[in-house]
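Data block below; observations after.
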Amino acid sequence: MSTTTPPLALPLSVIPADIRSAQDYAALAPHFMAPSHLAYISGGSGYGLSVAANVTAFEQWAIYPRLLRDVSHGHTRIRLAGDDYAHPFFLAPVAFHKLAHAGGEVETARAAQAIDTCMIASTQSACSLEDTAAAAGPQRWFQPYLLPQRAHTLDLLRRAEAAGYRAIVLTVDAPIQVANRRALAARFQLPSDVSAVNLRGYDTMPRFAGNGDGESRFFQGAMRGAPSWDDIRWVMSQTTLPVWVKGVLHPDDAVALRDAGVAGIAVSNHGGRSLDGAPSGLDVLPAIRAAVGADLPLMYDGGIQSGSDAFKALALGANAVAVGRLQLYALSVAGALGVAHMLKLLREELEICMAMAGCATISEINRGALLPQARRRD
Amino acid sequence: MSTTTPPLALPLSVIPADIRSAQDYAALAPHFMAPSHLAYISGGSGYGLSVAANVTAFEQWAIYPRLLRDVSHGHTRIRLAGDDYAHPFFLAPVAFHKLAHAGGEVETARAAQAIDTCMIASTQSACSLEDTAAAAGPQRWFQPYLLPQRAHTLDLLRRAEAAGYRAIVLTVDAPIQVANRRALAARFQLPSDVSAVNLRGYDTMPRFAGNGDGESRFFQGAMRGAPSWDDIRWVMSQTTLPVWVKGVLHPDDAVALRDAGVAGIAVSNHGGRSLDGAPSGLDVLPAIRAAVGADLPLMYDGGIQSGSDAFKALALGANAVAVGRLQLYALSVAGALGVAHMLKLLREELEICMAMAGCATISEINRGALLPQARRRD
Amino acid sequence: MSTTTPPLALPLSVIPADIRSAQDYAALAPHFMAPSHLAYISGGSGYGLSVAANVTAFEQWAIYPRLLRDVSHGHTRIRLAGDDYAHPFFLAPVAFHKLAHAGGEVETARAAQAIDTCMIASTQSACSLEDTAAAAGPQRWFQPYLLPQRAHTLDLLRRAEAAGYRAIVLTVDAPIQVANRRALAARFQLPSDVSAVNLRGYDTMPRFAGNGDGESRFFQGAMRGAPSWDDIRWVMSQTTLPVWVKGVLHPDDAVALRDAGVAGIAVSNHGGRSLDGAPSGLDVLPAIRAAVGADLPLMYDGGIQSGSDAFKALALGANAVAVGRLQLYALSVAGALGVAHMLKLLREELEICMAMAGCATISEINRGALLPQARRRD
Amino acid sequence: MSTTTPPLALPLSVIPADIRSAQDYAALAPHFMAPSHLAYISGGSGYGLSVAANVTAFEQWAIYPRLLRDVSHGHTRIRLAGDDYAHPFFLAPVAFHKLAHAGGEVETARAAQAIDTCMIASTQSACSLEDTAAAAGPQRWFQPYLLPQRAHTLDLLRRAEAAGYRAIVLTVDAPIQVANRRALAARFQLPSDVSAVNLRGYDTMPRFAGNGDGESRFFQGAMRGAPSWDDIRWVMSQTTLPVWVKGVLHPDDAVALRDAGVAGIAVSNHGGRSLDGAPSGLDVLPAIRAAVGADLPLMYDGGIQSGSDAFKALALGANAVAVGRLQLYALSVAGALGVAHMLKLLREELEICMAMAGCATISEINRGALLPQARRRD
């Protein structure tokens, strides 16, 4: 619209006034982040249909308050694949935190440590996985890329193990990069001082260029380098860390992954950043839980903006939830302090929901706590 | 938007022109009430999802007109827990009427007496329960707080009994105060001349501060002071007045309360002022009626803006309905005269619905009078 | 908004350019009708919920085109209670046509005659029923009022018979006048030169004033003068003309009327002008048809704006449809010429639907011609 | 709104910057096309209800991503009635391409050849069918008109055969021309240099003028000239080319056509240009597929704007899809280059959906790939 944009504010060193909910960080972020960075982060693939679906999905449920229950022994602790967590909020793997704050992933990691939150570090980060690990708390997971050469992937795994990451999260739902129209419209470009430092020295070009005569640059191109069942099994054979798979939306895929022995599954539409038109993970979560049974750990991500969103995901079958964009919004506003505060607010919002719904523990949150809701008026 | 606000009008001493329905008082109130007071009163908790749900819920039903029925013997009288009432409209317990009118609860009580309406006085009022009782008609109920010290609660009960209140309403759905974002945004503060006079001399601080190391300020804080089943039973044992419980949304809670011997239940989402994201009471009313059976008195509140709203609640299982915000809107516009007029309009609107629907008495209003309605266009 | 309004155009003596559908007359009417008259005519009772429901109801159905059917013998003729009609469109009884055009009902009647349309003349007209009859075609029905004194009602019936009306339509769904908020907001008043000339010399005051101590001005007032089953039977006993009853929305009422021997029923929510919050007649039409069986003639009115609306009503169980507001809109724009043109357009729009849907005759239009439709985007 | 319009841009000779999806050509077209031409092309019949239904229909489905499937052998080839096609996109028969580009159908045909796309040439074109055939690739179909004189229709068929068209598509869903309100409002007129050159020398006036006394200009007019079953059988008897029928929306019609021996059926609401109020073909596609069985080739058209739209139509039962308006939009922007680029983008968008949904071939796309989707927020 305008060719000039107001100067951006520097990150605050105090918690901003007027923040009343975790979601408020999303409203403040535009004052602290370059418009093109914001467009890249907030946008999704294509026309943003799946981003919107993540919002609509939560609106379809109301939460039943319950009365007179003693929840004075309540807490938000969970046990997941043998580890204890103070609360079910995870920091989802998000690329290039330096787009939001000069401190990048290290800054986010400090917040995670401060607030007892498990950070899932992305391979595609502007800080090295080692630096991020050093700043993060003991609870840290790593999301490695499956690189064209297995030796390089193995090196990445070994580095993650050496850096003390406790679990591996394989993201397998984005074999093709789909354009983010909002980012393109805002002329987003990765700044020159931001690069994928973790990948230095590795071959990152796909194994097959494709596009021979009559060939598709997708089927015979990108998809030749896409993760396979063999890759999943190979990773599991190469590490003793629990291996999660992220990006599951179909119950049959969830069952197959369970049968393949994954430690857990992240039900996710990749924050609406992969296939534009994919459903929200929330809409498929009950069917996935029903398909895999009660025991397989499920993490949910996609559109979580509040403690009540988290409550709904937990009620519909998740054991934990991961927060994506909100961490970068809070990071842009007030660095580690903002992220820690945002996580504290999320946890308190969840505690309020639990207390009001008469659930003393996360495991008491179930489908019976929700009522399908007629769509509210816009 | 603007830094100046127009001067507020003084309350009228006549019924304003152009009032054609009870709901019109809501449209006039902004001219008579400070913006921050209006924000506090009209807002709900959080993002107002449950406030909106109360509106949407009524839109989902149409009323069947019926033809050629003789309703010339019709009336709106009800009998509730042994007492007779001229009509099923109650004044819900609402805090601090002085935010709407300098006369406060006493002014509202005058209207209640004039129009044969039962007022449910709130503990959290700016006029003493004794003064309110003196101004109210013979039909008056009291909503006591459960105070940290039972001796103080008992004193409150004894005062209510002495002041001639005919029933006790325990509100148990708001153990945690959730922020009202609209009020916060409007910088609402309780004026210096408004305070909870009923509570003078009582200890009102919660019994447990919580927030020790690793403790939650909700689970180990506010919820330690939350009402319990023991509290309910204790109150019932201490008074011969009928004891109602307000804020019920789950059928199982309704059944448990019935079994505990309460006189009646108020199905309510607290006007959208407690858990943001709770359903409208209207959406759960049929299931609650089905669960508790035909005999337990049910009062509905939440979003009642017209006689046809009341008709719908009565058709879906309520025996009576309570009006919250509308009483303060009318109070701000024209004091006791406004409240009495608003109640007269509500009653006439209900009579019109009943007559048109062929229902001569409140007990003839049932589910068969309604048709599920496709959502109207906005 | 503005205190001045543009001068109104005089009725045209030619068909206006740019009229492409019957509905276009609604768009042109504001240029030819005083704003307060338009508000009175276009508004409904209360907040207009039932007016809106009449629009929404039609949007819920799509029409199946059918292929390759020979409809070259097609026509729109219907036979209703022993009489033949060129098409199923009737002119609904509408009060005071002089609000739209100085020629009043006589002007409308001329159009009806010109285009072979049955006009249902209202008692509450600004032209006498005799003058209207003289201008109308042979197909004319009359809607008498049930007056406080039966002798007066009988006189009205005798006059209608003498004037050659072929059927009687009793409107029984509006025993109470509910305020039209749009008309009130526009300060609508009946002009001094418009009055209910048919009622001169009759007692029109209700038989019971009501409003004694403790009495309701509705139950003990208006409803004492409301039509009763006895009135219906009495009218049927006093005339040999077929007696229709208009304003039916509940299947049980429809069955009772059938059993009482009425000639036909008009399924109608009174154009949204009676109980605000009543469903659209279209939504209940299938249930009413199912309840009364295939033989009882049903007329539909409420929100008909096009031939496809008529097609849908016919498909859902009606034998004929009546048009209300559109006749006054067309009347205001171009007098009798406008009304005749509007009716011609409606008929052609219906013929197009029929031809496209492969229905050669009205009786071939049935529920199988429609598909429930997801709500279209606004 | 304004009496002046900005000068139109000339068609580009390069692919425009900022085109990121096939649908972007729709956004650019207004800069390259006269407003009245755009209104004629983008509008539908009447109020555009069926145009809107085509958009809404796609929004009701989400696409399931599937994981870890090997689709490196994937392709978009289909075999339809004995012929092979590189992909399932067809160019729907659209009238008068010269409204979009001076090169007309020949220009479009060049794109079709370049990108291996089958063009279905319309009789109502501004270039002769022979010229179009010469420019098109080997895959070209022809949509003949059924003319008043069979000898003329036969001549048209013979010319199509001689010009190497490979199949015949009979459009039978528009026996009556329904006004396009947007085109009328924009005062659209066919430019003097655009005419139906294919029809020169033929009698094109309907066989019956209709409109005798008491006759309908539709039933006894246009519908006397409407296509009949006899016409379909006669065409099939006169040519050895496969005969498709286009414009089917009812399963019973589809079955009857199958039984009559057609080569395939195009499920279509004529782009919303025939009966206003007809459902989207997408909404009836599953029922049609179920009715005709697995073997009859079905083509879908109506509202296809992206590869994911195509994916949904294929999943709901279509074997191929045809693109209407988009070809003219792209044609206006950049001539043959634009059309070819638009088709390439569509194909790539489809490949991305297929790859993400784990479908290596078109035949693997089925109903299980879709999830009904709650309506997204506008």
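Per-chain residue numbering starts at 1, and chain names A, B, C and D are given in the order in which the chains are listed.
Note that in this section a contact is a pair of C-beta atoms (placed from the backbone, for glycine too) under 8 Å apart; a residue touches a chain by one contact, two chains touch by 3 or more.
To keep track of the chains, here are their UniProt names: A, B, C, D = Alpha-hydroxy-acid oxidizing protein.
This one's a predicted model, so the numbers in the text were calculated from it and none came from an experiment.
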| item | value |
| --- | --- |
| Cα superposition of chain C on its sequence copy chain D - rotation in ° rounded to nearest 5 | 90 |
| Same-residue or different-residue interface between chain A and chain B, half as cut-off | different |
| Per Cα centroids, the chain farthest from chain C | A |
| Inter-centroid spacing, chain D versus chain A (mean Cα positions, whole Å) | 42 |
| Inter-chain centre distance, chain A versus chain C - centres from mean C-alpha coordinates, in Å | 59 |
| Numbers and ranges of chain C residues touching at least 2 other chains | 375, 378 |
| Full enumeration of touching chain pairs | A-B, A-D, B-C, C-D |
| Touch list for chain C against partner chain D, complex | 18, 20-21, 62-68, 70-76, 308, 348, 351-357, 360, 371, 373-378 |
| Interfacial residue positions of chain D with respect to chain C in the complex | 46, 49-50, 52-53, 55-57, 60, 172-173, 175-176, 178-179, 181, 184, 208, 216-220, 222-224, 226-229, 231-232, 245, 247-250, 253, 257, 269, 274-279, 283-284, 375, 378 |
